[in-house]
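Read from first to last, the chains carry the letters A, B, C and D; within each, the first residue is number 1.
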Amino acid sequence: MINIGIIGVTGYTGEELIDVLLRHPQVRIAVVCSRSGQSVKISDIFPKFKGRIDSVCAEIDLKKITEESDLVFLALPHTVSMEIAPALLKAGKKVIDLSADYRLKNISVYKKFYNTKHKDKINLGLAIYGLPEIYRLKIKNARLIANPGCYPTVCILALAPLLALDLIEINSIIIDAKSGTTGAGKKLAEGLLFDEVNEDFKAYKVNTHQHAPEIEQELSKLAGKKVNITFVPHLLPISRGILATIYVKKARHQAPDTKHLISLYKKFYKKEPFVRIKDSGGFPRLKDVVKTNFCDIGIYDNKDSIIIIAAIDNLLKGASGQAVQNMNIMYKFPEHTALL
Amino acid sequence: MINIGIIGVTGYTGEELIDVLLRHPQVRIAVVCSRSGQSVKISDIFPKFKGRIDSVCAEIDLKKITEESDLVFLALPHTVSMEIAPALLKAGKKVIDLSADYRLKNISVYKKFYNTKHKDKINLGLAIYGLPEIYRLKIKNARLIANPGCYPTVCILALAPLLALDLIEINSIIIDAKSGTTGAGKKLAEGLLFDEVNEDFKAYKVNTHQHAPEIEQELSKLAGKKVNITFVPHLLPISRGILATIYVKKARHQAPDTKHLISLYKKFYKKEPFVRIKDSGGFPRLKDVVKTNFCDIGIYDNKDSIIIIAAIDNLLKGASGQAVQNMNIMYKFPEHTALL
Amino acid sequence: MINIGIIGVTGYTGEELIDVLLRHPQVRIAVVCSRSGQSVKISDIFPKFKGRIDSVCAEIDLKKITEESDLVFLALPHTVSMEIAPALLKAGKKVIDLSADYRLKNISVYKKFYNTKHKDKINLGLAIYGLPEIYRLKIKNARLIANPGCYPTVCILALAPLLALDLIEINSIIIDAKSGTTGAGKKLAEGLLFDEVNEDFKAYKVNTHQHAPEIEQELSKLAGKKVNITFVPHLLPISRGILATIYVKKARHQAPDTKHLISLYKKFYKKEPFVRIKDSGGFPRLKDVVKTNFCDIGIYDNKDSIIIIAAIDNLLKGASGQAVQNMNIMYKFPEHTALL
Amino acid sequence: MINIGIIGVTGYTGEELIDVLLRHPQVRIAVVCSRSGQSVKISDIFPKFKGRIDSVCAEIDLKKITEESDLVFLALPHTVSMEIAPALLKAGKKVIDLSADYRLKNISVYKKFYNTKHKDKINLGLAIYGLPEIYRLKIKNARLIANPGCYPTVCILALAPLLALDLIEINSIIIDAKSGTTGAGKKLAEGLLFDEVNEDFKAYKVNTHQHAPEIEQELSKLAGKKVNITFVPHLLPISRGILATIYVKKARHQAPDTKHLISLYKKFYKKEPFVRIKDSGGFPRLKDVVKTNFCDIGIYDNKDSIIIIAAIDNLLKGASGQAVQNMNIMYKFPEHTALL
């Protein structure tokens, strides 16, 4: 039984973490806190947890957290995590950070997209990007996990086999992504009011979204050279789920057809518990992945190009579910524990 | 051609007013302003109006408004209208106020429910409650219209025939009302975020809603004695529409059956262009009234009680549509102009 | 480890049963079948189950089912269950029927509301109404469970303390209920098309719904005399959840106030793992119960009447969750297993 | 005052046609009929029209229709229109066909995508493709209008300036389109049930949609050579609206930037009453076009490619609104009559 600390529970990812961890038989939520500084019962913040957890959410007390936890999840906004992680790491705690603070290895890119200087270059160097399908071995021994962003998770999983097998023109990638509103986090913005989102649909941050460089960093590693993408996110009038439709040029004309592509993907992800490749004729849809930790992927031959469609739940495989998957790997629990 | 001023256009009722008035062949939107104080084109605030209106929304300049308008609509929050209406009335302008400021005749009730002292008792006395089906004759010559609230509009229309004909026990009225989110106005409240409302449903302000005394005031006038109601509003995960299900005890046991009740209602509302009584077997639904100025009413015999179901669009018959209906009456335009 | 059979898996309750049972550590889904008669993998019918269950859904083969199962869930339409249950019971199997076939003890009422004669009076007599909060002791030794309807579950739990304690006028009960669309079952009806339900809200089957006599039967048992209710169901534009707002007259004028009512309810449901009573000022909402097996109840004093608001997930506490709760009781598993 | 016949009113486009035509001061709905063959009041089929239209929808009687109408709208399913149009045209009536029957000039393509042989090649030759922004002059004198499909309308308007000005590689066009459910028509299909669509999102008919050849036909005419597109439609969990995000390669590297592209589009559509080009920084969204006849277009420079985003209401500019716009042109009514 390991003891868990969670810092930052009032947002969507914190709420989802609690929900998943309460189903986990080998962990105990030992301490929960948030920046607001008030002592409130978790079940008063989220009445849905009444009868499941009795803890009080207190203000952040690093001494208490380090004394009472083995592993700490940071479900904090970007730029706040890097102020808290160093002390936890120094105290020998394992840390899984759900913010973007330890994802981008290039601090000038970080500064450009998050509008602030990076404050913890030392730990940035040892942070492992927590995408189990790519970095499982490193995750096993990691002390600091940079849990991937929601868009990056689905896009990297959708493209990894093609890049690893060198099947496409690397600068031809067009990602048309669609996300539910929880992807934007819980915040009082006019654009997130019910009547602004309901029965609407729109693109936003065309080619300026902060997840684009994160996707490019990881795709570049897979390709072994710099990858530039076109990334257009859209806001869906639903609560949860991301579906990305991706268009790429084949690298050569004698490229694999749909059937062969499907078989390559199935082989690539053969041992993965949370990646499912659609058979011919099947299409991923949000309904199949929402409230699960699965990533569903469909691949379609399109003459000299390939279309890939992939879907996840942004709060589970795209955030808190993946964080728990990383924890399971770090502690050698069965990887699907609390996630099926 | 009459000249219209609108004060307060950034909220839902202001936006809807513009939409309706742009279809009206006998009026011209002469001046539009809001409290924010910036000069912005209406079509920049609401891109949907581009190509339909070219006006600039300026800060509130009462001199300019009185010079350029014949009639002024106040689409302002409660407590703000009563600071602006007096000057307009003094300058001889007609005023239709969509806020609650001139609806409640009893200023201590106003204070209790709106948390502020009433500041314009003089004009409160001459304000006409703008429900055409009840007060059409007075509206014709009114200088100041207190445009009814959304819940009161649907509830009063649903109950007026029963009270006017003395068919029910007046203190048995239970109103179970359900409204879309625009009824709450456009404001940054956590409870109005998309993910808070989507796929949810809940009651709120049980027996403490500020529309309850407004309903009671008008039902009491119709009944000729004090009426007390039970009023439970609920929030629907949709943008527009109110449906109220109302339960009342019959006054005597030899009371009319469904067929007779329907015929009484049809007679009561015979000449009304915007009230539709469902035939036997029919049920009002939001789909039939949303984006219209109609109020649909169904009446059902239930042994010694009666069930009434009524539905409107809260932004049209419950606000801006009714305001234009009042204007049409005041200016002797065909009552349905711009509203069908 | 007990072996489970499920008959009828293509509807919403069958799908939900699989989802819950797959999380249950002490059971094994041994055989799954449906009336359609084709052999199809469960994960082809419901792609969301891929990677979680590999079974094939076959045609109904009672011999195979009785050989391979200890307990059989019937997730069949009304009138079909009673054709299948007798053989299973005869073979010594335990049966939990999610249809209405064994709920109504009065077969002429059954005939009136389900338009067919009852075909299994013998087993009707020994069927236990599977509402654990009322019948837990009988459920323990039951061979046939009539799993309650969704509306009845929430309404009976909301009213049981008041009736058991004789606090209200038993013929004053008005139930204004609102349900998501899955409550109607999965069927090709024009009224269930997306565009018919989306952004709409309406009442249906006013005082003619087949769940009304089921509610009256159980409330009558609790009260010790015949209870007649007014029951008006409405269709919410959401997938899951029922919220009922209930209005009752107090039995005497010196009746308990809100605080006292809350304390009575908390006492009544003290040991219940799935009933949560809201503290003063709190309101049940669907968001807190959807995807859970909880029933949330709020009680509000309203002069000489009482308002009760209660909410459940219609597919969990209102169907498949409750069915598993009954199974847990029958097999002495911890009652919350697979349900938290 | 011209007399209008409408054949096929029970679907979404027929319903929308009635709604628009009732606001048109220069037309009279003279005869309305449907294939169902029953005589039912329009206001019984669509209770929302009660108080606005009193007509009876009768079975199709071509003699009556030709006697009583000047212009006939066919809101019929594909393959049915071409059985009815010839008689109307022979009787000298003008016909606006909202089905696909007269859109594709190549009958073998028609056969491939609509699974039936074309039955009216003679009139196919004289049918004018009713996209006013491209074919206004021909529409003026047309006797038979093939009203464009919803996806084609938005895609052709989005791409016409680039093709007409020869700015892009014509075989690089990728259209990622998203539509609300009414685009699929009103039919009892499991995939259109509320619970199947709600909170879901998915692609469908990837590169096999029947609108792809229609788009290719029209783009080819604009380009002066054969254009092949990649077309991936998706289903949005909303009732109305299409938004297409389009990716194209620039024809040469010294291609125009965003500012210049916007100015080219504004010039191209300068006189169009229903095309609005977003200024720099603006994005089309469904909220701005739903319930209007507008098409909003945004253009974004993306290094050696261009992104175009365009949005319409599929039932108005994508069907019935455009049909009325065509009628206005044919009868020299102001083009925006009944459409603003």
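Just so we're on the same page, a residue touches a chain if its C-beta (ideal position, glycine included) is under 8 Å from a C-beta of that chain, and two chains touch if they have at least 3 such contacts.
What you see is a predicted model; the values in this text were computed from it and never measured.
*Asks:* As a test of understanding: of all chains, whose mean C-alpha position lies farthest from that of chain C?
*Replies:* Checked the centroid distances; the maximum from chain C is D.
*Asks:* Where are there more C-beta contacts: A-C or B-C?
*Replies:* Between the chain pairs A-C and B-C, B-C carries more contacts.
*Asks:* Measuring centre to centre with CA averages, how many angstrom lie between chain B and chain C?
*Replies:* Averaging C-alpha atoms per chain gives centres 40 Å apart.
*Asks:* Averaged over CA atoms, how far is the centre of chain A from the centre of chain B? Could you give it in whole Å?
*Replies:* 46
*Asks:* If you average the Cα atoms of chain A and of chain C to get two centres, how far apart are those centres in Å?
*Replies:* About 37 Å, centre to centre.
*Asks:* For chain B, what residues touch not just one other chain but two or more?
*Replies:* If we look for residues of chain B contacting two or more partner chains, we find 196, 199, 237-239, 285, 287.
*Asks:* Show me the residue ranges of chain D that touch chain A in the complex, using the header's touch definition.
*Replies:* Spelled out, the residues of chain D in touch with chain A are 174, 176, 178, 196, 199-204, 206-207, 230, 232, 234, 236-241, 243, 245, 247, 283-287, 290, 300, 302, 305, 307, 309.
*Asks:* Applying the document's contact rule, which stretches of chain D touch chain B when the two form their complex?
*Replies:* 22-23, 47-48, 50-52, 199, 273-274, 276, 278, 282, 285, 287-289, 291-292, 294, 296, 340
*Asks:* Taking the touch rule as given, give the residues of chain B at its contact with chain A in the complex, in rising order.
*Replies:* It is residues 12, 181-182, 186, 188-190, 192-199, 237-239 of chain B that touch chain A.
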